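Each of the next two complexes has chain A plus one more chain, namely chain B in the first and chain C in the second.
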Partner chain A sequence: MRYKYAFVIVVIIFCFFSNSPARAQGVEKFLKNSQISGNFQFDGMYYNKDSMIGAPDVPQKVLMNAFANINYTNGPFSAGFRFENYLYPLQGYDARYKGIGIPYRFVSFEKDKFTITVGNSYDQFGSGLVYRTWQDPSLGLDNSLDGLNVKVNPWKGITLKGIWGKQRFYFDWGPGIVRGADAEFSINDIFTKLNDKALRVSIGGSFVSKYQEVDDPIFKLPKNVAAYGGRASVSYKNFLFNGEYAHKINDPSTINNRIYKPGNATLIQLTYAKKGMGFYLAAIRTDNMSFKSDLNAEGNDLNINYIPSLAKQTTYSLPAIYTYGTQPNGEFGMQAQGIYTFKKKSKLGGKYGTNLSLTYSRYNAIDKKQIDENTPIDSTGTLGYKSDFFKIGKNAYYENFNFEFSKKFSKTFKLIVDYFYIQYNAAVIEGHAMPNIHSHTVVVDMTFNINDKNSIRSELQHMYTKQGEGSWAFALVEYTIAPKWFFSVSDMYNYGNDISEKRLHYYSVATAFAIGSTRIALNYGRQRAGILCVGGVCRYVPAANGLSLSISTSF
Partner chain B sequence: MTIGFFLLSGAVLFLSCDKVKPPYMNVTDVSDCPVPAFPDIAAPQKTLLIEEFTGHKCVYCPGGAHYIDLIEQESYGDRVVVLAIHASGLAEPEPGNYSLDLRAGSHGEELYSYFTIPGEPRAGFNREKLDGTNNFYGVPSTWQAYAETVLAHAPVITLQVINDYDPATRKLCSHVKTKFLTANSQNLKIALFISEDSIVGYQSNNNTAYGTTPDIVDYVFMNVMRDEFVGTFGEILTSGNVAQDSAVIRTYKKILDPGWNDRHCKVVAYVYDTDTDVVLQAAEEKVY
Partner chain C sequence: MKSTISFAFIFLFCAILVFAQDQPLTNPVGLKKIPSVELKTLDNKTFNTADISNNGKPIIISFWATWCKPCVNELTTIADVYEDWQAETGVKLIAVSIDDSKTSRNVSPYVNGKNWDYEVYLDVNSDFKRGMNVNLIPHTFVLNGNNEIVWQHTSFSQGSELELINIVRKVAKGESLDAE
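Presenting the complex of A and B:
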């Protein structure tokens, strides 16, 4: 089915060019304005069985993920497609990706204040609480909408959007149809008298409805499920306030155990920023807010909306072991962050300045009470539970306190020191019973610039914890010969594991070579089993041992 | 004009909501089945569900039934609930002596297929994997040991069935109470079946210890699974956290098939973990 669409596009383009005698000049002009761009990425791995770390025997031995985006633009017209090849997909990616195809293709043009896209599109209403389609290859996630996406600016300061289509589901479509509209009004742009005011206000509203043909012998299932929301953004001098509220009507799904309680989500963010300092306060409360275009979908499949994460994210290996994944059935989260830069040439700033940042984030359950004395919480075919909006549940999901010191001491030496305290509820976040993790991690990240071309970066990390797999140590050395070569050696050592046989080393040796925008990387080593989260969305990464090759390029 | 068009589109979309009113489930109307008071259980015990896969043309099955009789009648009595599931080609009726159809519609076949039963006789013991493999089901020589192992476990829930039956209309109201003896976070389903005892018919046999060979002409089939109340795999009972001492009472209604002897019919109920398929507790009660 999908190949047919791609074929039709190719035929249309071919016909356009082939009618040449009458259009020779036009074609020449057309070609002059044409631009083609794209990128390619290949990730392949040869797997060794490693029973010590739990890496399974992979029958195919070598697995791969690859894709190429090809985009064409000509003034207001653009078109593109993405070819994908997973034969078979890398371990940790959903096996339903197995295959080859063009699951993403679009044609878009701008005309009379309209931007019309047919085919696949990615878009977001507000912060995404009712609608967000996006792609993240590292998560194996792509919920693009295949259909229509219309955007119009009828008046300065007014943006209206409409979407209508089906979501991508691996190499097919999900069963539901998604329809939606969004309006955003920038008050200061609409009323010219307010253009120069320090107080800037914009408001917006969204409505999204999904339709799914469902007929269940047991449950009375709604075929049309809608979510809607309103948002406001107010800025004044150095302050910025964003607030958004979303509501969803009854949506009994696999994720929420077929309860009929309406869902809602509230997100509030306050930012203050000026040169050298800033702070950020945010809170989020979600209650039964998983919204998918298939009520039987699980995991990250067919999400219509997106729940932002307020948990601190880090790229450092040890604290990243315990990363928070958002809980769509309900959570109460907050983050407070302060950043301060000591000025250059001050006592504490030194010659190059000193940066300090302090971040605290925490997630708890929402309050849940039985709807009556005979019905347990979350009982199927009921309203599920009652929840007091302002009451925080007792079950702590996640807590992260982070202090970061960053300073460039000289032209050749830069130091970053991080401390993380993390409390992690694995039973909730990963779904398997184990005691809450309480961990303390210190990271020392040093960069030595030997000269303009050569640099060495090293990371020393230590995590202390008595729970889970116990304490870890990590060391990494990277050597870069700019702009082409990169080498690294690292080892993660689970020396504190209670089980002596599991006190294992997860070593890794890597090299990369770059030519222009092309990068080729080789890595040999072990990968620990765990979860990988980006923006609160997670996927399970199984243990692996082997040689991986990555090639990426763009043009 | 454009704004008007979008507002109109938004209004149309806004109407695209199906707000469902309670009751949320398409359950049979059980308003004519008043819920009785359930007596307290003084000393809760683990109950064993034996799912016996059998067929009237299976020559080894009388031997299997004999082993189950030993467990049920001689060893554990009330702590054992048996469902004899007649499935596969060996349960198919055929013209002549084996015309009796003891299959429970497609339900037996669905269980047979789901658990990839390799042949009859096989039996599951609360669906626990007991032989160090992924198989739920063992051969007759292992059954006594399996039963002992499962029954040694402490109960985590209690299950009670109370039936209210009208022989004139053959209307059966079954009330099932599940009580949690400990806090529970498993995803649980409840399944309910009708079983029938004392059906007489032909049974193939190759062992004179259990009857005549090659056929036992007046074989008495016991615990024959006849039909379900809420599907082969039951309905969701709970998921998420359930507090200790919580109780759930569900009521079901069914009109008994006129072909069944209602005096020999029982209601079999069991609760199982949907993630592992392991049965936590089972109960049976005569229709009347």
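Presenting the complex of A and C:
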């Protein structure tokens, strides 16, 4: 410990010395370039008892999440930390967050062609199939790497990265060490001759390995687990193609039921975009590709990699009830989307233009066969299963068809109409016995401008389904006085529930005040779990009944 | 994680010492510059935020995502009047998408399909979002001709765009924003 105090003293002496008049000019320059910035967010909630909606009893009555980031920059030098406070964490966030601390701090500097960061860092290689560290406070997710992060651009068009450290695990570190490197080559930037060619190509490759001390009385568990991947991106005029492949060696873990099969993931995306129209086609196949820095970790804990979901994401309350969740042990997904604008002053465009979009996304299981007659699929301690890469599994996980019409009719009236068909395999996605959901939802979203400052927005939604909790109706009215005030009233009614006592109303009253970068919001009511967008912002809200207060600001 | 606390205290201590002097904290006007962060363009080129420029005219930076309704609403609303805004003030809007790799490739077809004329960049792992201290989106900044942040706002409601253009007008004329 002693060396730490010595370090503190050295730093303090340095700070004092830099105040001496002899160096006043230098100090002035130093201060001129000094910049301190940060942000703060507080979310607190008072919980009412509400056994009807299944809101758990909260012995503390009030819970809170809060954090503040403080960043300092001075030219090529930057440093920062995040103070976090959860006493106790809000419902829906992991209880292990309980506490106070500084789980994120870093110092970084740029010199010549190097950027060196010590402390916590967030980074990703390609799409993240082998490595992605990131943070989302509204999801309660932070897997930052504490250690080293070095980036170097030795030549125009070449980026090399190296990482070495341990991942954040609530207010501690995960047990494994993560080491990795990535290289990306933008061919057109490397060769000046190719700079202005219409055909642009970039390729990349990454390697990540984790080391964990493990001892198991039954199994011989690998201490080192490596994953590697390659990627290519090609663009030509209005087309862009992106392909990535990743492979992971045997990694028996809690998630995959301790099977020794290697894993892999393939992601292919193709887009066409031209003024007024855009098309997107994508497919992903993952096979046993959960990669964590602790083989015993579960859920979202200690993920080293990231599997992007191609399922359509919506923020409208009713279709958002059935949102797809990525299956770490294997899935085959695809998405196709087209979006088109009928121009202003055309027959179908009218005065302001008309926008249409169509999206179809689908997820299935991957094909799984027994390794031999006597071994059931996914048997612990075996190779688990055999899978034909090009064969799609029969079990359908999720399907979403969405059509959206959006048009401004006049200066005072705007209309969005959405239709969703969603098929949702609750048994797989939620992991409990429940029939497949087939639902049809219509959303009508209208905005009326009373005058320059005052406007009313209303959402009417209806979801028809015979399965699960049955049909729902939803209505919302928002009144805003731009740019500061916001008021809303909404109700979500589960009128089609088979059980008459469960035909409940999820009512909510909200108000918000925004000035500059500060926003204060109050909300009273019942909430279902899901992504909630009110008052102009989106965040994840867990099921609860009560009064909540949110304060967010940055400086 | 005790070492983290001591680490932070050193940092704080030094910061306080720097603060304690009667010198201006940042540049003379106290305005902040935007950090230098690498983003991707829609055609997969690398772009550094230090190179953001509008020849001395004001810039709007709007943080958004394809899945964020109020963000899309804000950008759609501004799209209708953007040509007029540009003609009047010379302003440029830079739309920074924080879509991560699950939707980032969808941004280009989305922006084109919506017929938006903005300069769009991808902040796939939220590096610029962190650098700009953005908590919630939509979050909109106005920069003056020296790339200094003169105004910012979180959230969008119909009519907010009028306040935004008023700020831009003042910045374009070089007027002070003290009254805001």
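Criterion: the second predicted complex is superposed on the first by the 517 of 555 C-alpha atoms of A that agree within 3 Å, B and C clash if a C-alpha of one lies under 4 Å from a C-alpha of the other, contacts with A are read in each partner's own complex, and residues count from 1 in each chain.
Everything below uses one rule, namely that a contact is a pair of C-beta atoms (placed from the backbone, for glycine too) under 8 Å apart; a residue touches a chain by one contact, two chains touch by 3 or more.
Computed from a predicted structure; not experimentally measured.
Student: Answer with first, second, both or neither: which of chain B and chain C does A:403 touch in the superposed model?
Tutor: Neither: A:403 stays clear of chain B and chain C.
Student: Where does A:374 make contact in the superposed view: on chain B (first), on chain C (second), on both, or on neither?
Tutor: So A:374 only meets chain B here.
Student: Between chain B (first) and chain C (second), which, if any, makes contact with A:452: first, second, both or neither?
Tutor: Touch status of A:452: second partner only.
Student: After lining up the shared chain so the two structures overlap, which partner does A:464 touch, if you call chain B first and chain C second: first, second, both or neither?
Tutor: neither
Student: Specify the partner with more touching residues on chain A, choosing between chain B and chain C.
Tutor: Larger number of chain A residues touched: C.
Student: Look at A:487 in the shared chain and tell me whether it touches chain B only, chain C only, both, or neither; answer first, second, both or neither.
Tutor: neither
Student: Of the two partner chains, chain B (first) and chain C (second), which one does A:186 touch, if any: first, second, both, or neither?
Tutor: second
Student: Just chain B (first), just chain C (second), both, or neither: which does A:512 touch?
Tutor: A:512: touches chain C, not chain B.
Student: Can you tell me which positions in chain A touch chain B when the two form their complex?
Tutor: Contacts found on chain A: 113, 152, 154-155, 158, 160, 162, 179-181, 183, 207-209, 211, 216-226, 228, 249-250, 252, 257-258, 260, 374-383, 433.
Student: Which chain C residues qualify as touching chain A in the complex?
Tutor: Interface residues on chain C, with respect to chain A: 1, 3-11, 13-15, 17-18, 21, 23-28, 32-33, 35, 42-46, 67-70, 76, 80, 100-103, 105-106, 108-115, 124-127, 130-139, 151-160, 162-163.
Student: Within the complex, which stretch of chain B touches chain A?
Tutor: 2-3, 6, 9-10, 13-14, 16-20, 22-27, 185, 230-231, 235-243, 246-249
Student: Within the complex, which stretch of chain A touches chain C?
Tutor: 4, 7-8, 11-12, 14-16, 19, 27-28, 31-32, 34-39, 41, 69-73, 78-79, 81, 83, 101-103, 105, 119, 122-124, 126-128, 132, 134-135, 137, 159, 171-173, 186, 189, 200, 202, 233, 235, 240, 242, 269, 271-280, 282, 306, 308-310, 313-316, 337-341, 343, 352-353, 355, 357, 406, 408, 447, 449, 452-455, 457, 480-483, 486, 512, 514, 516-519, 533, 535-539, 552-555
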